[in-house]
């Protein structure tokens, strides 16, 4: 029975991980940009939500809706100001630049908000759930997270695979110059993708803040999980990212069920196992020619 | 294409010597490399001249140079960008205990631990090489985390609390400091030499080829995987040595920090500052980083870190080839040449 | 010539190095630093008279960034470049242990606090047979925690089944506690429900919660990092685990940490090694605990926290020892003086001669329960001392209230 | 196999083939790209391969060079079964190839590109290898570009570089994939001269080419692939005049 | 008035002046063949006109409107399309997606998926394939189709017949006829002089980045063009030495 609960909780946690990884998957998997500041952008989003909610005295959920567009603009700024330039000199530059940004963000937040960890109070929502029998209980917040994750990732997946905009994004990611030559405004496409990525990051940050708590130093810890999720799921497939999130989440909770100290290590082991047996990721496809 | 016509009928090698010659060493580079060797030699006497505090600082610098040079060999030449080298740094540090606990002298233990980490790198590569590009980079991070958690769950290594290297706290501080310094100097020199030799060897150019296009490289006969593995192992050994030295000078390791991803950050930072894919770059980058850290690193705090981050961003955006890379490009300069230049006699029509 | 020794200091300036985490995860502990530095520098402005000689005092404070490697680095720098005569270091093993190690190795006297002494002592590989010569430490230890818990859980007036669910992480504190406190609590007749050590930063605690529910542990105890506790506590509530008493350590220390939990924070009990109610006075500023706290709240606008007390005491002991020497710059003499120190600080009586082991003195500990702040206060929560079983000198503020 | 095998070209001497592909099949999932290809190459022989786009020529070359492994069938080199050998090993043992889509090492100069090949693929020691690389560069008319970063080369220069790199590994068998496309007549003449020179050095050649007039000036024997099968094989003119070849491949060029 | 006008154009790659002092004009519906040996600057010229490469000097006009400052995608919208040297397909997209992605600019015109497939029958079975897996010639066909999908007024083809089987080249030039009849203007790089002179109304011969010959196709002889090449190969000897190391 506890095992069932472990799996249920794992799925819930997986939803959150998937949400975290969503923006990363878009940038890393689709646009081939390694954004090491992803985690800290999420934290930034959480802080904005917290501040707004406190200042205006509205529920965090409304605050989130207001913050998303703002973070979208942050994403555009990030793309225009840093990534576009860095990308020209290759993956590594974008890694370093975003890493620099990560440090700056962390410490600016620390300067402003101190190191205290705080959380978004959504009242009973974060503490109530569906009791199934004695040991299985499904948290409402978890359900909500999973629902949002599925909707978001599913939506983006369809957008990428089916729509013209999606094609344009993938084309630009593959070869921006040539994309221009077939009439795509690569800058706008990149800006959009970055906006989506960063906005979803802050969304994840907000959910994380509701579920547990957040502090300026939290970013990197979650970043690695997010990356693992993307790789487990398979580069460039957002469905994969969703699956990857679930896999990692369940791995951690089930691992903890065996022995609490295995929780995180179990996650890494699963990740490494995927590397060993399916390097292209669960839903990723292998390329032969290029 | 007239240059071709006169020789198309001759045998390949003979006329080539006639029409062109290959240059690697230039007068500049000869003096430079001479000067460097001299400097290293001179540094050996530092403990007799400088105070322990100075040598302590230099030791830190050497460690930085080592990790930077290793990361550069890995990323800049073999194209293996990794954010997981801290994994080997950590193994190097903790490996020391494995030997010390068996009665080996701490200093020898540092060397052995480095080699041990190299051995671990071999199986690791089997797994890691299944990934490429950003995936490899992050994969290595996860692997490093895995190493960390293994250590954390090994009580004999002090678990999460870390461990102190008590064997050294007995010796007189000044003496110990000097010994650590010499070890650091020696290891740095050896490792730098190793990289230099590697890059000038027949493998050097092949590595760059692999970085640019593995498939193409294989199709001209390059043993791609084994070449990559060689560098990977070297980088592991180097990183581990740095870890061991860190332990020897701070006398205490704690998993979260010795396995901390900030190491990777520093490596990337130093290499990019100095100039990726150049032999000189990482050394310069390390010195810059060291100076920055030393000047306002002490009163540390948020602003120093913010400055560091901002600098990292600025460099990548406005000086992507790094300090050395930029200079070298301007003047086509190579102090320690690892490339080739062809000189053709000028024939004006 | 032979290897060069550090240039000895002959001048009349006493350099005191002070290392604490002002940034990074543990930065909360560093919050009072600015206030303390200002206060102390003012106190020392006319220097100290020692052995008939006048010394000016210079405090050089450094940030460990909550990172052991950085801590070790700044320590080396303070020792080598700043030529400090005495090292003071505080808050969390990550910061204190490496600094202490560096001092022991460099033969620099070092005094530290705000780390359970076992984590400091055994964590650094000392044994009663092989103690330290230059590093000294005062803080609570397992014994104090144990006594306080037993007293609160039995005499606190809340009936329980004496089953204690524990969440002790796999980190220095957690380890010290698991080895020390676990057996002790058993001896005192409590059943320990220990699902096992967990990694800091774990995001899901269903396994532990399930175990606690299964065993119906009415008492809960943990030594977590703040974010981890928030995750756990919310999940526990959501999955229907409600102990009658929840005593937390390491996280319940600072008001901000409790505020972060919102209403879920009310009713948690935690050990306090200092509070304005402590009936003691600072030997440096002659302020009572209450005055010190008010002073802090006035000048920073922030709510008082216990670190103020222990860090103030840190300097009190330092000055006491310095004054006890004939030549404060003689490292061996200063170290010895620390070992002999015995005085009553703002944090209470400290005595290094009668500590549980050499190099260590313990200090008083009482239990308080976090409550929603009452009308007057401009802060969200406030701790109310609900058990003084072991130090009746410290006045009670109220009765322990059960969580359900 | 097609009827043409009977009248194998006169140049296909009784000498044992240096390279041969036996019953090669290649599938990508459901897609069949090569369907039972048998090809032999006599020492010093020059074999041309033509065929419509997508016939499977490059795939066949990949299989001969080891870049791809066949779904069925085997490859023999100098009497040894090399089917399981990876591309680099085959290269070192004497099978050089050029890529239809050039793959220069963009971070290096043209010379360093060739040097890698001559050091790794070739049999020379250091100095010799360096000189050898120079000689090859020159042969391919790239000496002037020696110090240019490969990234800065034009498409044709890149193709020359491909060939130079293949040569630098001093192969016994040279596999070429579309190297004459887009050459001016003068440049074509140079290329032919170079290849004649190689033949004189006794190197056996497999050359895929759509620029037929160039191809016909060199080869002894011609194979025409279509839809993964050998459509026609034998004496070049005979193949060129084969109605099926005209219909499937040549069109008005016939 | 001429559709495309290039005035005193100079394009650099770093220090190297790949195109210098180039001026010419192309009228609506005209077919101009650009010839010149390897390295002459043909591709660079085309890329500059397409907006993929910013010129250092000079002016590019479309219908008299100065488009020099406009970005490539903008010029596509205005009706300039380039089939780049070396195909440059989006490897991970399917053939169909590669074609459809070019319809973002929504220029009205005869070319759509059906029309392109009709023009290149071999694409028929390949629409769902990953473009990166196609054969060289197949990719070439897709690249041309992709450019057509933008319904350009000025179509630039850089070494189009490269890697195409003779019979494919036939079909290509047939469909070129279709394109022309649709009033599209074509600028093409073609090394096969026979073909070039066959379709082109005018021939531009480039040499070391300069236009050294600009004549109506029916007025130049093969010999004159080859002569122009010779000019290059002599000069080449010199440039070889000038190469900055």
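Labels for the chains are A, B, C, D and E, by order of writing; each one numbers its residues from 1.
In this text, a residue touches a chain if its C-beta (ideal position, glycine included) is under 8 Å from a C-beta of that chain, and two chains touch if they have at least 3 such contacts.
Nothing here was measured: the structure is a model prediction, and the numbers come from that model.
A.B. asks: How short can a chain-to-chain path be from chain C to chain D, counted in steps between touching chains?
C.D. replies: The distance in steps between these two chains is 2.
A.B. asks: When A-C is set beside A-E, which has more C-beta pairs in contact?
C.D. replies: Ranking A-C and A-E by C-beta contacts puts A-C first.
A.B. asks: Between chain A and chain B, tell me the centre distance in angstrom, where each centre is the average of that chain's C-alpha atoms.
C.D. replies: Roughly 32 Å, centre to centre.
A.B. asks: Indicate the whole-number Å distance between the mean C-alpha point of chain B and the mean C-alpha point of chain C.
C.D. replies: 40
A.B. asks: Using CA atom averages as chain centres, what separation in Å is found between chain B and chain E?
C.D. replies: Centre-to-centre distance between chain B and chain E: 46 Å.
A.B. asks: Name the residues of chain A that each touch 2 or more other chains.
C.D. replies: Answer for chain A, listing residues that touch two or more other chains: 107, 110, 261, 264-265, 288.
A.B. asks: In chain E, what residues contact two or more other chains?
C.D. replies: 133, 233, 236, 240-241, 245
A.B. asks: Taking each residue of chain C in turn, which ones touch at least two of the other chains?
C.D. replies: 23, 170, 199
A.B. asks: Within their complex, state which residues of chain D touch chain B.
C.D. replies: 65, 67, 86-88, 91-92, 96-97, 99, 103-109, 111-113, 115-117, 119-122, 126, 128-132, 134-144, 146-147, 165-166, 168-169, 186-187, 190, 193-194, 197
A.B. asks: State the interface residues of chain B toward chain A in the complex, per the touch definition above.
C.D. replies: Counting only chain B, the residues touching chain A are 75, 81, 83, 127-128, 130-131, 133-135, 137-139, 141-143, 145-146, 149-150, 153, 261, 265, 268-269, 272, 276, 302-303, 305-306, 308-313, 315-317, 320.
A.B. asks: For the complex, which residues does chain B have touching chain D?
C.D. replies: Listed in rising order, the residues are 1, 3-5, 7-9, 11-17, 19-20, 22, 202, 205-206, 208-209, 211-213, 215-224, 277, 339-342, 344.
A.B. asks: For chain A, which residues are in contact with chain E within the complex?
C.D. replies: It comes out as residues 164, 167-168, 170-171, 174-175, 177-186, 236, 287-290.
A.B. asks: Would you pull the chain C residues touching chain B in the complex into a rising list?
C.D. replies: 1-7, 22-23, 62-63, 65, 67-70, 72-74, 76-77, 79-81, 93-94, 97-98, 101-102, 104-107, 119, 123-125, 169-172, 174-176, 199-200
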